[in-house]
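Both of the next two complexes hold chain A, though its partner changes from chain B to chain C.
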Partner chain A sequence: MEFDVPYLIRHLPALGRGLALTIQVSALAIVLSVFVGLVGASLRVMRFPVLSQAAAAYVEFIRNTPLLVQLFFVFFGLPTVGLTLSLFWSGVFALTLWAGAFQIENVRGGLASVSPGLNEAARALGLSKGQYLRFVGLPLAVRVGLPSILNTSVSLIKNSAYLSAIGLQELTGVAFDRIAIDFRAFEMLSVLLAGYLSVVLTLSAAVRAFEYRLQAPFRR
Partner chain B sequence: MTLILENLALFWIGLRTTLLLAFFTLVASTVIGVVLGVLATFPARFLRILVALYVETFRDIPLIVTIFTIFFGAPFLGVPLQPFPAVALGLSLWGGANAAEIVRGGIQAVASGQTDAARALGLRRWQIYRLVLLPQAVRSVLPAFTGLLALIVQSTSLGALVGATEFLKAGGLVIERSTVMLGINPAFQIYGFVLLVYFSICSVLTALSRRLEVRLAATGQRAVVTPPDAASI
Partner chain C sequence: MTLFRRVVPTLLLAMSLAGPALAQQLPPLPETVRSQGVLRAGVRCDQPPYGFRGPDGGFAGVEVDMARQMAAWAFGSADKAELACVTAENRIPQLQARRVDLLIATLGVTPDRARVIDFSDPYRWGGSDMLVKRDSPIQKLDDVRNRTVIMLRGTTQASWFDENMPGLNALRLNTASDALQALLQGRGEAYAHDAATLVVIATRDPSLRLVGKPFAVSDAAVGVRKGEPEWLAWINAALARMKAENLYMLWVERWVPNETRPFYISAFNDPRPKAR
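Our next item is the complex of A and B:
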């Protein structure tokens, strides 16, 4: 079976739409999951009685269950108890739920590296716990935790391929539907491999370059 | 709840397949990981590059795409694969890439003086690996391998998408059956139950991984190879 270039070109627009959807879902989920991470990590370090433990339990649960099952739970399970989300938002929600747990750990790791002296100084100046986090702790934590936050985000983009399992027409969904319809595998598979590899490798390289820049003040 | 008890036999079939898949994948990943991990520590540069290429490829392509490619691509090469071997192969290629990183880290963590001493004693290269490096690496990679096993167990759920009747698929079948025959859709309860079962298996493994890490730290050796987590691979 030879590689049919005109066939590939004919279907490029559809693949482009798939890639656009992949990027759209991922971008939304990344922003939301970082927000979950900031809130969750704050709850954990502020030691609110119940909320702090709830955040810890959430992290443990998500890390120890498969993303695919979480996705099925959100897309097939929640509607049966009256919580119906559209296909698109189910995908965003499931990815956010999953990545949020890892972002909490990333931000928390960043917070742990902030010297305790700063916390004491902030308290001595009369800042409340919340103000300390907002003005001192989190800005520093994000800087330290940024490489891992970005790594989780790259992982999220990769894992958005799972959404093809619930029928979202993102890149993987489009490609495998075409394979099923036309019975041609090589063209679509090569696009898929090239597509994900280029997105992930570009972003990983960007993360590494960024990491290097962030380290600048600490480099001798 | 009664629905779960009534379908216990089906769930058991699913769980068995999940565990079997995880076992095969662990064995194959370990073999790939040890071979590639050792090659990555050889002085030859092209070997390092080849291994890095393999590792990056399978870690950067979404696992779901790898498995789909194998399952749907195999017939085009004239070797149609059953769901189980296709999933096992896909998982092993991916798991092997992660295991290779772990093994490489474990070998590099052994103090370089050990290699020098072994060479001074006249040991050949494969003897150095077999008698000096690998036995010491085993201890420092154990926590990471346990963590990897938890990820492998989670990833076997992808088998459901190509028709391997593993645990998630078993849950899906129970839901389908009861929707058709009883007219009720128990997706919330059943998928909730499936989540809980995966959670209990994997949290035991992650807890074990943490304990091994603590024990290793107590012996004075730092666990240089940190366990992989789902968002870093």
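Our next item is the complex of A and C:
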């Protein structure tokens, strides 16, 4: 069996739609998970009672359970307690839930690296906790945490392949469908690898450009 | 006493010779299979009554019994069947990757599949049907056109809907239990699968019913890799012998409860019906 190019071209439109869905789900989940990270890390660092512990429990819970199980729980488990999300939003929710926990740790690491003197100075100037986080702490934390935030985002994109297990026709879902019908595993799996690689490399390049911009004040 | 000592071993010897004598109805086992010393078969684990997990968690079902019978004929013991769970999606890749040497896994004969693997003579036929909620408005096949239909990846039904109802809203999942769960939660209005599988579910769950309009009827056969004609001939001979010895009846009676038994006996013994 050699590499069948016409076969691939025939199925390119469907694969393209799958890739678009992968990008859509991942982009939404990345944005939402970073937001979860910012809020969660703030709660943790500022030691808000109860909320801080809740965030810590959430992180531990997600980090110590498999993503596939979390995904099935969201899709098949939550409807039992009355929360039925559509296929698409089940995917976004599960990925956000998973990546959010890691983003909390990423941002928290960044916040820990901000010199305590800045916090003391902010308090001396009369800034509230919230104002310190918004204007001083988080902007600096994100700068430091950016590589690990990117890391988690890359994992999120790769893990979006799991969503094929609940029937979402994203890139992997489309390709596995074709493999199950036509058995041309080599062609389809090659496309999968190339597809994910290009998405992830694009994201990395974009983040690197962003990082460069953020570093502008510190460059000579 | 001396007589007894002589007669018993002679009897034992005669009995042990009778076994191989019967097996001589089958052509010789190909060297590639014989050298392994076990029969490596891919069977389903979520398709009662063909292949499923029994109450003890072990392999059970008619197709599992077929594999064990083949092992008994090939190696003298049903325990020489090395069974592996395969899914609709991964069964053909598993065969091609040489993880198993044959598939007895609710495998329908289709032209697409015939291009990549070889099929034995069919041992039964299987039609497709749809499972819906009891109060569902769906009465016939065309009623699902603008609805969501749940199906499994790589099944006959998935290809059938692909060809005959393009643009249908299809939710493709990996296992029958996922599909049933999705149907019960209303994530799709119908679950299309082998009628044989759905009959069992419908009799167990009174909140569901079959649409009862068969489609995509196909033969089920044993799958082997291309280019293994001796092995295929052996399997065909074994299948013919199962039929001749009426073993299918025995196995259907073992695994199928009374209410649905006629359906399965017909699938193994009657000719294939005409359908869309």
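Please note the rule applied: the second predicted complex is superposed on the first by the 200 of 220 C-alpha atoms of A that agree within 3 Å, B and C clash if a C-alpha of one lies under 4 Å from a C-alpha of the other, contacts with A are read in each partner's own complex, and residues count from 1 in each chain.
Rule of thumb we're sticking to: contacts are C-beta pairs under 8 Å (C-beta built on N, C-alpha and C of every residue); 3 or more make two chains touch, one makes a residue touch a chain.
Note that the structure is a prediction, hence the values are computed from the model and not measured.
For the composite obtained by superposing both complexes on chain A, the positions of chain B and chain C are in clash.
In the overlay built on the shared chain, the residue A:102 is in contact with chain B alone; chain C does not reach it.
Of the two partner chains placed by the overlay, only chain B lies in contact with A:64; chain C stays clear of it. When the shared chain is aligned, chain C comes close enough to touch A:169, but chain B does not. By the touch criterion stated above, A:76 is placed in contact with chain B and with chain C alike. Comparing chain B with chain C, the partner in contact with more residues of chain A is B. In the superposition on chain A, contact is made by A:84 with chain C only, not with chain B. Residue contacts after overlaying the shared chain place A:182 against chain C, while chain B stays out of touching range. Contacts of A:35 after superposition: neither chain B nor chain C is touched. When the two complexes are laid over each other on chain A, chain A has residues 76, 79, 165, 176, 179-180, 185 in contact with both chain B and chain C. If you check the complex, the residues on chain C that touch chain A are 88-89, 92-93, 96, 112-113, 116, 150, 153-154, 158-159, 162, 171-174, 178, 181-182, 185-187. Put simply, chain B touches chain A in their complex at residues 56-57, 60-62, 64-65, 68-69, 72-73, 76, 150, 154-155, 157-158, 160-161, 168, 172, 175, 185-188, 190-192, 194-195, 198-199, 202-203, 206, 229-233.
Contact residues of chain A toward chain B in the complex are 1, 60-61, 63-70, 72-73, 76-81, 99, 102, 148, 151-152, 155-156, 158-159, 161-162, 164-165, 172, 176, 179-180, 185-186, 189, 192-193, 196-197, 200-201, 204. Residues 76, 79, 84, 87, 165-167, 169, 173, 176-177, 179-183, 185 of chain A are the ones touching chain C in the complex.
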